[in-house]
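A, B and C label the chains in the order they appear, each numbered from 1.
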């Protein structure tokens, strides 16, 4: 009980500190921007730990963070193997293939106004569907190993990237396109020097959506069948054994991998589309 | 940016006038959802080498459309139009003109220098040639020192100057300008007008210039084409008798005001038509 | 819109064509194996015919799926365990319940974030970061944990749906509530309007287009959440259960029809939200 009260006390104090911080002059500094959310995150962890221990919640319902951390530290080799199987083999290869295919398709379709007008609505329609449902079919076709997971990822990332790329390729302004016409520039010159660069913000939008989908696809596809390694496999079997600390450890890996992957794509976006209004740091 | 003596050194071409742009009974009809719109009707006009011709008129009079037709960006539906004796499309392929649009239309992912270099890359100039030309035209429009800046870091006036530099970078005899200073404030505009005149004197290009400002048209041109809408047509062609050398305060002389008056009359007559 | 009907139809036809070709190609192996075992030789036409009517094809032909869909929706009583309408309804109710919870909470949190700087700085970075995390991975755990504390049936699935629609709504709504231009806010200040007046008269109406954009994302995510929520429990009902059962027993036609049903459901849900969006915005005079 004392632990629970302690946690609540900590929460109150931290919240008070955050209010002070957010309304002080520190709020707009880098320090303030980082400190407030980190303090909030730490508070959540402390609250979680204190309440679970203080109220003695059984570990099969919600293990405390310390137990999850201990499990994480003790099973790094298993977690690494699962990560390799699901993220590197499944998600990443599927991502590369899917994005590449969508890209090639977009450039092929883009030359034909008619196809583009048809493909755009159909593509956006499919992108909104629960594409993850194709997982059981693809597991049947490509077997239990990572190939089927990659296939699910390919199908999931294909349409968002396709739709965004096709849209982006038409996004150049009229004056910019007319300019190319006055230079009598060829198709490839216009594509390379004008339409691809101006499509980049759209393409990255698609790529960012796809990063999230890729990991989800690879994990959920393992629920439909997998070898005895992989993040989705570990989650579903550990849930069955009520080893929730292991489940949470896998989720931590997934969260880290997911945000790191997303962060990398966002970084590439920042480097390549620095000129876009949404990316400009400030007016100079 | 240019010394007076350099401007003095310029003289009108003394050889027999040579038609650069020639329109005969030119027609252009747009098909819209509300039916056909006659954007250009019976346009007859000759622009000679080295001339500075302004097109003025209310919106919808077809001045921009005519310029775009000369550039091969619009297809005439009747009559003939030749540029350097070729069809506009052939002239476009021969890269006969530089075009300056209403907005600068710079590519935000390229620095100023690389924007100016864009046409040179497309037209296959050698690396060394690209370098020296970019340097030269940026000097011409007073943008030295801004090579590495990006368009969105510059003011509107500087952006438009960069776009002019871009149109001058390659060897086109003709410069087509579609309300290039329309979006700029009066003070910047005056300054750019002055610079443009000096530039024209120095490069001896043939310039077609669309504007809706009477003083701008009178100040800049050797010939003012007054147009009127519905259907877009030429109502008057006014030769400009002002001397080649034009300081900004020439705009207060009786001669200037007289020509401006004639242009205004022409515009009014066009309006009385409908 | 009218201009794109023909291209869209063409693209759909191309997809159907590819589907048929793929079905013929993928199912032919089995047909030929069967024939070899029976020591028969088949003509090409016979092979093609067989690929279109196998019981457990690798890839069922579109018409087989269509027939299955018809039989399991129109010809079965909707209370029957074999009716897709029944399974669809199970999934739909979890989706809608979860969507309502997630959206409601999301809007509340967004209002809090916009009005409280400490909350904004504490929660917003996590809300944004959480969108990059494969939240769906915890679905099985939520189901099992909630089951073990006695919460069963609709609620656990709705919980996942709520979780998935929650964050897009928070992020979109915060963006929307912040969308009024400084000039508009200054105008309110010249009237010395109170916080709540600014909220009801300016911020809330301005946020509506943003809200609908996130609602469309949210409802699609809710459906995915409900379907995935049906996977781990060995659930007996719902579209997710149909997918899982189909994959256990190799009933490809069943999988495909469940998949198409899920697609139709998703499309109608997003369609309804879009319709509401258009009606609301039209009524508010924001778009014609």
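Note that a contact is a pair of C-beta atoms (placed from the backbone, for glycine too) under 8 Å apart; a residue touches a chain by one contact, two chains touch by 3 or more.
Remember, it's a predicted structure, so these values are computed and weren't measured experimentally.
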Maximum centroid distance from chain B, chain identifier (CA atoms): C
Centrality ranking, top chain (CA atoms only): A
Interface ranked first by C-beta contact pairs: A-C
Distance between the centres, which are taken as Cα means, of chain B and chain A, whole angstrom: 50
Distance between chain centroids, defined by C-alpha means - chain B, chain C (Å): 55
Distance from chain C to chain A - Cα centre to Cα centre, in angstrom: 18
Overlap residues in chain A, where contacts from two or more other chains coincide: none
Two or more partner chains touched - positions in chain B: none
Residue ranges of chain B touching chain A (in the complex, touch as defined): 71-73, 92-95, 97-99, 101-103, 105, 107-109, 118-119, 121-123, 150, 152-153
Complex contacts: residues of chain A adjacent to chain B: 173, 175-176, 178-185, 189, 193-194, 197-198, 200, 273, 275-277, 280, 283-284
Contacting residues of chain C [partner chain A, same complex]: 3-4, 6-12, 15, 26, 58, 117-118, 120-126, 129, 131-134, 136-138, 140-141, 144-145, 148-149, 216, 220, 223-224, 227-228, 231-232, 239, 243-244, 246-247, 250, 252, 255-256, 258-259, 262-263, 266-267, 270
Chain A residues touching chain C - in the complex, by the definition given at the top: 15, 18-19, 21-23, 27, 32-33, 36-37, 39-41, 60-62, 114-122, 125, 128-130, 132-137, 139-141, 211-212, 215-216, 219-220, 223-225, 231-232, 235-236, 239-240, 242, 244, 247-248, 250-251, 254-255, 258-259, 261-263
